[in-house]
Amino acid sequence: MTLLAALARRLLVVPPILLMASLLLFISVRVLPADPAGMSLPPTASADAIAAARRQMGLDRPLAAQYAIWLGRLVAGDLGRSVHLRRPVTALLAAAVPATIELAGLAMALAAGLGLAGGLLLFALRGEAAEMLADAGTTLLMSVPDFLWALLFILVFGVLLEAMPFTGRLGPALLQPGGTGFLLLDSLLAGDIAAFRSAARHMVLPAAALGIAFAPPIMRVLHASLIDVYCADHIRQARLRGLSPTRVLLCHALPNTARPVLKLMAVQFGLLLGGALLVEEIFAYPGMGALLVDALRNADLPVIQAVALAYCAVVLGIRALVAGLRLALDPRLRAR
Amino acid sequence: MAGISRRVLLGVPLAAGLPADAARAWAGGDDGVTIGWPSDVPSWDPNRRFVPDAQPIFKMVYDQPLDQDPRLNLVPSLIARWQLAPDARSLELELRDDVVFHDGTPMRSADLRWTFFGRIAAGHRVDTAHAWRMVSDIETPSATRAIMRFNSPAPTAPAWLAFLGSFVVPRDYMRKVGLAAFGARPVGSGPYRLAEYQPRARIVLERNDSYWGPKPALRRVTVEIMRDTATRAAAVQSGQVDLTISVPVREVERLARMPALAAELNPIARVILLQVRDDGGFADRDIRLAAHHAIDKKALSQAFYGAAAVPLSLPAPPDPQAHPDDFTFASDPNLAIQLLARSGHSAANPARIRMATTKGQFPADYDIARAIVAMWRQVGIAAELEVIDYARYFELNRANRLPEATLYAFDNATGDPEAYGGYLLNPNLPFSPWKDVALGRKATGLFDMADAAERLAGWQALNREAVEIGACIPLLQSVQTLVRRKALAYRPYGNGWVLPQTMEWV
Amino acid sequence: MSGMGTGRLLRRLLYPRWLRSGRVALGLLVVVAMLALALLAPALAPHDPAAQDLTLTLQPVRLGSAFPLGTDGLGRCVLSRLLHGARLALWVAVAAAFGAMLLGSALAYAGGYLGGRTDWLIGRTVDAWTLFPPVVLALILLVGLGAGSTHLVLAIILAEWPRVCRVLCCEVRKGMRRDHVAAARLLGFPHWRTLLLEVVPATVPRLLTLLALEMGSAVVMAAILGVIGLGVTPDQAAWGQMIADGRAVIHQAPANLLAPAAAIVITVAGFNLLGEGLRRTLEPRPVGGRQ
Amino acid sequence: MSLLVARGLTVAARVEGEAVPVFRGLNFALAPGRVLGLVGESGAGKSMVGRAVAQLLPPGFRISHGSMEFGGADLVTMPPAARRALLGRDIAFIPQQPLAALNPLQTVAALLDEHHRRLGVRGRRLLREYARAALAAVQLPDPAAMLARYPHQLAADQCQRLLVAMAFAGRPRLVVADEATAALDVIAQADVIALMRALQRASGAAMLFITRDLRLAAGLCDELAVMHAGDIVETGPAAQVLGAPRHPYTRCLQLAIPPMDGPRRALYALPEPMPGLRALARLPGCRFAPRCPVKADYCLRSEPPLAGGAHRSACLRPGLVPAIAAADALSPPPWRPAGQAPVLVLEGLCKSFTTGAWPRRGRVDAVRDVSLRVAPGEFVAVVGESGSGKSTLGRLVVGLERPDAGRIVLAGHDVGAGDAAARRYRVDHVQMVFQDPQAALNPRRRVAAIIAQALEAQGAKFAVRERRVRALLAEMGMPLELGVRSPAQLSGGQRQRVSIARALCSAPPLLVADDIMAGLDISVQAQLLLLLHRLRQDHDFALLFISRDLPVVRHLCDRVLVMHRGAIVEEGPTATVFGWPRHDCTRALLAAVPR
C-alpha cells in the first residue's frame, strides 16, 4: 500500500515532465530553419500542396496554438507518416523501439554484471597497491567510448576470428517470429530455438560494446558506496554482532549500495541509449538510433519527432522502473 | 588489377574454416543465399520510383514485360513477341498465358494495361507516369494481346519495357487491397515472393515454386541492407553474407586474395558524373567549365579504381557508338584558373557553390566528391559538400532542389544513348537538374526521331554540346565491385544487375 | 591580521594541494600536452591538413618520412589531420564544457538558492531535458543548425547543461542547509553576496571536477557526431570524421583508424584523470576500515 | 577471577608517517557482574578501549603490545574466526547512535531473526517467539506492529531498546556500552539507563560503560576509570573516586559541572583542550600536566605510575587535589531598572509544518499559541523534550521561519511581516548562535572575516572591521592569531566562541542560542558558561537560551519556559520552576536529570 502510494506520488509528476519534454522537442524542431509543412511532405510536393499542409497543420496560427494542435495529435496517437519511407511512423517505431530496448536492456544487464564484479574487486583491493592499478584501469576503461569498442569487436571477433556475426538482428535463412518485436522473447514464445540462438549471437557484440563502455561508472559508484556504507554504524554493529564478513557484505552492505547504484543506472540508461545510436549504426542493427540517423539524413520530420519522443518515453519508463525498484528496496523512500 | 578475376564464374568449394552461421549455406547443400546490399527498396510498389539499385530486388518479386540478356539485348519475358510500328506510334505485344501472380491469379493483358496506363490515368503518383507519358491508350483485344498507342513516336518503347520501373503489377489485387496494403504485402509474378521485410534492415524472399520461367536454384534469398561500405566488406569477409557489391576497390584487391572469396571489378553501363544546374553559383558558364577543367579524372580513376575506370569526356560509356574518339575535354587547372579569373574569382575570392554526394552507394563516391572539392579549392571554387541518401537524391531531383553540382552514377540499363543525354539534360523530365530549355528542346526533338543513324548522330552532337556549355561534367565510367564466395556462381550483366535467380552453389 | 608568510602563500599558489595528487598531475600533463599540440598544430603539422595528393594515398606509417603517420584515402597527411583535429576537439571540449557549466550552474544556483517554485520548475525542466539522451538532442539540434564547429559547440552545450545543473543543484541544496548560510542572511547580507560567499565556494570543487569530466564527454560527443557524419563540414579535419574514414581502410592503412581513436582515448583519459583526481583531492571521501 | 583484563595494552597510531603511542600500557580488570565506567572527555581514548575489545580499531591504529584477555583467552592474538564467535554471543555491544546502528533496510523482525539465528534459534515459530520475548524484555509495546517496522519508523529510544534487547539476547558475559545514551533525550536516557542496569543485574553480565557524563557514570557504575589522553589517571570504586578524587583531572571535571542542587556556584574551567594525537608524541611525562592547576616542572618529564590500592591514581602530587577550586565567584546579573520596555514580545505565535507526502499529508503544530516577553538583559531559557518546538520558536524569533499567526515585536517594532524593512530591522536587533558550530561557520572564510560579517554587510571600512575583530577576539579569550585561521583549524569550543562573537558583532539587544552546548565536552561547556556570564556583564544583551540541559539552564538563566508539544506549559524564575515544578512535563524532565 505504502509502496503503491509512493509510486503513484512519483507518477504524478510524469505528465508535467512529459509535457515539458514535448514542449522542448517542439521548440527545438521549430527553431530549425526548416519548414515543417515542407518537411512533412516529399520534396516533390507542389507549392499548393505545401500551402495546404501548412493550413492543415495550423502553421498559420500562433505558436501556442500550433503546439496545442501538435500535442492534440500526439495524445490522439497520431504520429503521422514518414515522408521518406512512406509508412505510418507507428509501424516504424513498433519495429525499432523493441529492438533498441532489447539491445540496451541486455547491455545494461551486462554493464551491471561487470560493474558489480568490478566494484567488488575494487573494494576487495582497497588499501592495497593493486588498487591504484585497478583504479587506473577503470579510468582508462572509462575513457574508451562505446563506438570504439564496437569497431574493435567487429575487427577482432567479427573479421579476424570470425566468431560472431555483426550485422543485423538475425542470421540468414531465419524468419523473424512475429509478436512483440522483442526478438529474444518472440523466438522463445514461438519455440524457435534457432532464431533465439541467432538473435542472441547477433546481440552479443553490440551489447558487449555498450556494456563494457558503461560498466566502469557502475564499478566506481559501487566501490565508492561500498566504502561509504562500510563507514556506517550499522555495518560496524553487524560486525560487532559477530556476523561473518560475507554475510555483512551480501546482506547488509550490498543492499545499502542499491540506492546510489540504481540511481546511477537510471541516469546511465539515457546515456546508453544515446551511445546505442551510433553502435546500432555501426552494427547495421535496425533500432531507434539507426531510424533516427536515417530520418535526420533525409530530413524526415515526423520520424525525427516520433523517435525523439520515443526516446523520452523509454527513458521515462526506465526511470519509473528504477524508481519503483528503489522504492521496493528502500523503505525510507516510501515514508516520505 | 592483378589477381582480380574479371567475370569469372567458377568457384571452388571450401571445406573448412568457416563459422557456423556461414557454413550452412554451401557446405550442407542448403539452398539459400545472403546478399549484402547498399540500399533498401524505396517502396514495394515497383512503378513508384526509378531507383537503379532496387532493380535487381524488384526483379525477384516482379517481372518486366521484356528482359535483357547479359549483353543487354532485349529478350522475351512476360511478352513472348513484340512489334513496333514503323512510325513508332504503336507497339503490338503478345503476352504469355502461363504467368500466374503470387496470389494465384493469372497475369492478363488487363494487368499490363493497368500497369502502363490505367494506374497512371487513375492518378497514382508513380515515376512510370513520366516514362510512359506518351501512352495514349493500351488496347487489349484479348487476354494475351495488347496494343500500346503513343501520341508521339516512341522508338525506345521496347527498351523501356525492360527498364526502370517497368514491372507488371496485378490490377485486381492492387485495387482490392489498396496501395498501402500492397506496399505491405506486395504481389508480383516474379521468381521469388516476399517472406519478411524489416524496413532498412532486411528482406527475406522465398522461391516462387509455381514460377512460369526457369526455376531459381536457390530456395531462399536474404537481402541484408548495409549502407556502410566497411560493414559490407567485413560481412562478406567473415561469411555473414555470401555476396555483396560496391565495396571500395582497395577492399576488392584485398578480399580477392582470400581463398574462399572471389572479388570482381566489372565496368558497367553506368556513368559517374556531376549533374549541374544552370542557376545559382553555376549560372556562369565559365565557372561551370572551370569546374570541369579543374578535375583530374585520371587521378581519380587511379586513386579510387586502380585505373580500372575509364575517364570520360562525354556523358556516355566509352562505347564508340555514343562516344566519338575525336572529342576530349582537357584536364587543365591553369585553364580553370583563367576561366575563373574572367568571372572575377580566384583562390582568395572563390566562387561558392554547393555540392551533394551519396556515401557508399557506388564505390568511392564520397571519396571522389571530397577529392573534387579539394581540386576545386586549388583553382578557386569553394564547394560546400553535403552527403545525401540515395533515395533523397531522387526526391530532391524530382523537386528540382539539388544543389549546383551532384555526384551521381547515372544508370542506363538499356545502353541506348537516349537514356543518357536525353534524360540527363531534358528539363522536361524529372531526371535533370539542368533546366535550360534550349538544350531541352533539342533533346525533345531527338526523342521523336525514328531514324536510327540520325538519332545517334543527334545524341552525339547533343552530348558534345552539353559538355561544351558545361551542362554536364562526365567523370568516369562506373565500375561495379562485387565480392562473393567462390562457390557462389551468378550471371553478370552489362548493366550491373546481380540477380539471385541466376545464382547457384557450385 | 598580516596573513600567512609570503613563502607559504607562494607555495600554495604555485603548488596547491590538489596538484599533489598523481592523478591530477598526470591528467593535467596529458591535457596540457594536447593543448600545446593543438595550439601549435599549424607549426607542427608537416602538411596542410586539407592538401590531397591522389598519387600518394594510403601511405604506410614511416616515422622519418614526409608522412610520419602515413596518408589517408585521399592522400592527405594523417599526422597533420590529427594535429588539426586536436585543435577542433579541444576547442569544442573547452567551449562546450564552459558553456554547459555556465548555463547549468547559473540555473542550479538560482534554483537552489531561491528554492520553492523556481527550484521545482528548474528541477522539472532538467528532468524533462534529460529524458532526451544528449546525443539525440545534439543530433537534432545540429541538423537544424547545420554543420560547423560553433554549431557543434552550441548543440553540445544545449544537450549537456542539464547534467551539470542536476549535480550542482544537489550541491547547492546541501550547501543551503548549512547554518552559515542562514547566519549570513540573518546578518543582512544581500542575496548575491550570500550566494557568492557562502554557497558558491562550497560547490567549486564539484564545479571543477564536472568541468574536467564534461570536457571529456564533449570530446566523445563531438567524435560520435563526427562518425555519424554530422558534426563538422566534410573538409574539416576532425577525429570523428577521421574514424569514419579510417574504418574503410583499416586493412590498408590501420593508422587512419588507430591514430584518431588513440587520440580520443588519450584526451578523454586525460580529462577523466584530471576530474577524478580533483574529485578525490578536493572532496575527500572516507576510506572504509578493514577487518 | 576477572572476566576482562587489559595488561599493558599499547595502541599506536600512525600520524603523518610517525608512530604515536596512544595507550601507554593500559591496565584494568573487570570482574563478572560488575559495571566499570570509563569516563573522560572526548579524545581521552575511552571508545578505543571498547573497540580494542572487538579488535575493530580505526584505520591507522594498531595494538603494538600487551593483551586484552577475555575469560582467559587473549582477544588480541586470537584468530579472527574465534573472536567473531565470541562477538554477539559472549561479548555484546550497545552503540552510540542507535538509529545509525540499525540496517535501514531490515525490519525489526528481520533484524531480530538474523540475530537469533546466529544465536542458534531455529524454526519460524520459535524465532517469532524469541523476537516477541526480546521486545517484551526491553518494554517495547505492541510487538506485532513493532516487528513490522523499519528503523526509521522508530524513535531513537526505541532503537536503543532494540539494540539493548539484542545485546542481552545471547546471555552475554560482557556488554560494552559506548556512550549508549548520549544521543537520547533526557527522559529516554534515564529510562534506558534503568533498563540496562536491570538487565545487567538480571543476567549477571559484566558491563563496560563508556561515557563522558560523570554524573551518569556515578549513578550506574560499581567502579570508575577516569581517562585522559589515553591514560587511565584514576580508578577505583565509584563512590571513592567521586567522593574523594585523587587526581586533579577528576576534581576539575567535577568542578566544571554545574550542580543541580545546592547553591549556584562558579564553575572551574580547565584551560587548554585535551592534547590531540599529534601532541601526544611530545608529552613524555604526565599528559595532564599542561592543563593541570597543580603541576610541577617534573610532572612534564616523568610518567606518573597508577598507584594505590583499590583506589589508584596516576598523580605525583595527589595531596594538592582537594585544594583545587574555581577562581571566581559567580557574579550576580547586572542591576537593571524595573519596567523597561521588553526587548522581545511574542503574542499568539503559531507555526505548523506539513509532514509526509500525498496521500498521507498532514500538518503538525510545531509552535502553538506562544506568548512571551523578554526584558532587556534577561537570560531566558526554553527547555523541553526534543520535538517540543523549542528550536522552531528560536527560528521564528530570528526570522528563519515565517509565523502562521501571531505577532513578533522586537524592541517595539512588529517584525512579523517579514518584508525587507523588517528584515533590515531584525539584523540590528536579534542574532542567533547555532547548535552546530561546524555547520554554522563557512569553512572557506577566515575567522576574522566570519566575525566581522555583520559589519561587512553594513559596508563598514576595513579598519573599522579590524578593530572590532580584535576587540571581540580578546573578549572571547582567543589569541589574535586565530583570526587568520580557518574554522577547520579550531577546536569545537573555539568555533562556538567564534559563532558567538559573530552574533555579538553588531551588538544586538537580543541573542537566540539554539542548544549551543550540545555535544561539547564538560570543560568546554564550563568555559562557554563562564564566557556568557562575563559577556553579560560587559554587553547589554538579552538571551533566549534554548537547551535540553537543565543543570546548565539552572546555572545560566534567570527565567525558564517549559515547552511541551509546541506550547508553553510552565514559566517562571528558574529557582521556582526547578524547586517547585507544577506541570508533569517539568517534573519528568527534572526527574530524569542524573544526580
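Going by the order they are written in, the chains are A, B, C and D; count residues from 1 in each one.
Here, a residue touches a chain if its C-beta (ideal position, glycine included) is under 8 Å from a C-beta of that chain, and two chains touch if they have at least 3 such contacts.
Quantities reported herein were computed from a predicted structural model and do not represent experimental measurements.
Peer 1: For which chain is the distance between its Cα centroid and the global protein Cα centroid smallest?
Peer 2: If we average C-alpha coordinates per chain, A lands closest to the whole-structure average.
Peer 1: Among all other chains, pick the one whose mean CA position is farthest from the mean CA position of chain D.
Peer 2: Here the answer is chain B, farthest from chain D.
Peer 1: Taking each chain's centre as the mean of its CA atoms, how far is chain B from chain D in angstrom?
Peer 2: 88
Peer 1: Chain A to chain D: how many Å between their CA centres?
Peer 2: Spacing between the chain centres: roughly 50 Å.
Peer 1: Round to the nearest whole Å and give the separation of the Cα centres of chain C and chain D.
Peer 2: 47
Peer 1: Rounded to the nearest whole Å, what is the centre-to-centre distance of chain A and chain C, using the mean of the C-alpha atoms as each centre?
Peer 2: About 23 Å, centre to centre.
Peer 1: Got the chain A residues that touch at least 2 other chains?
Peer 2: Within chain A, residues 127, 155, 239, 281, 299 contact more than one other chain.
Peer 1: Would you mind listing the residues of chain B that make contact with two or more other chains?
Peer 2: 228, 387
Peer 1: What positions in chain C touch 2 or more of the other chains?
Peer 2: Within chain C, residues 247, 250, 287, 289-291 contact more than one other chain.
Peer 1: For each chain, which other chains does it touch, given as pairs?
Peer 2: Applying the touch rule to all chain pairs gives A-B, A-C, A-D, B-C, C-D.
Peer 1: So in the complex, the part of chain A that touches chain B is made up of which residues?
Peer 2: 42-45, 84-87, 92, 95, 154-155, 158-159, 162-163, 165-173, 175-176, 198, 201, 281-282, 284, 286, 290-291, 294, 297-299
Peer 1: Where on chain D does chain A make contact in their complex?
Peer 2: 54, 56, 59, 84-89, 92-93, 95-97, 100-105, 107, 114-115, 118, 150, 152-153, 163, 166, 356-360
Peer 1: So in the complex, the part of chain B that touches chain A is made up of which residues?
Peer 2: Those residues of chain B that touch chain A are 18-19, 21-22, 24-25, 30, 32-34, 36, 43, 125, 183, 195-196, 198-202, 204, 220, 222, 224-228, 231, 234-235, 237-241, 387-389, 391-392, 395-396, 398-399, 401.
Peer 1: Would you pull the chain A residues touching chain D in the complex into a rising list?
Peer 2: Residues 5-6, 8-9, 12, 127, 232-234, 236-244, 251-252, 255-256, 329-332, 335-336 of chain A touch chain D in their complex.
Peer 1: So in the complex, the part of chain A that touches chain C is made up of which residues?
Peer 2: It comes out as residues 13, 16-21, 23-25, 28-29, 31-34, 123, 126-127, 139-140, 142-145, 147-148, 151, 155, 224, 226-231, 239, 245, 267, 270-271, 273-275, 277-278, 281, 292-293, 296, 299, 304, 307-308, 311-312, 315-316.
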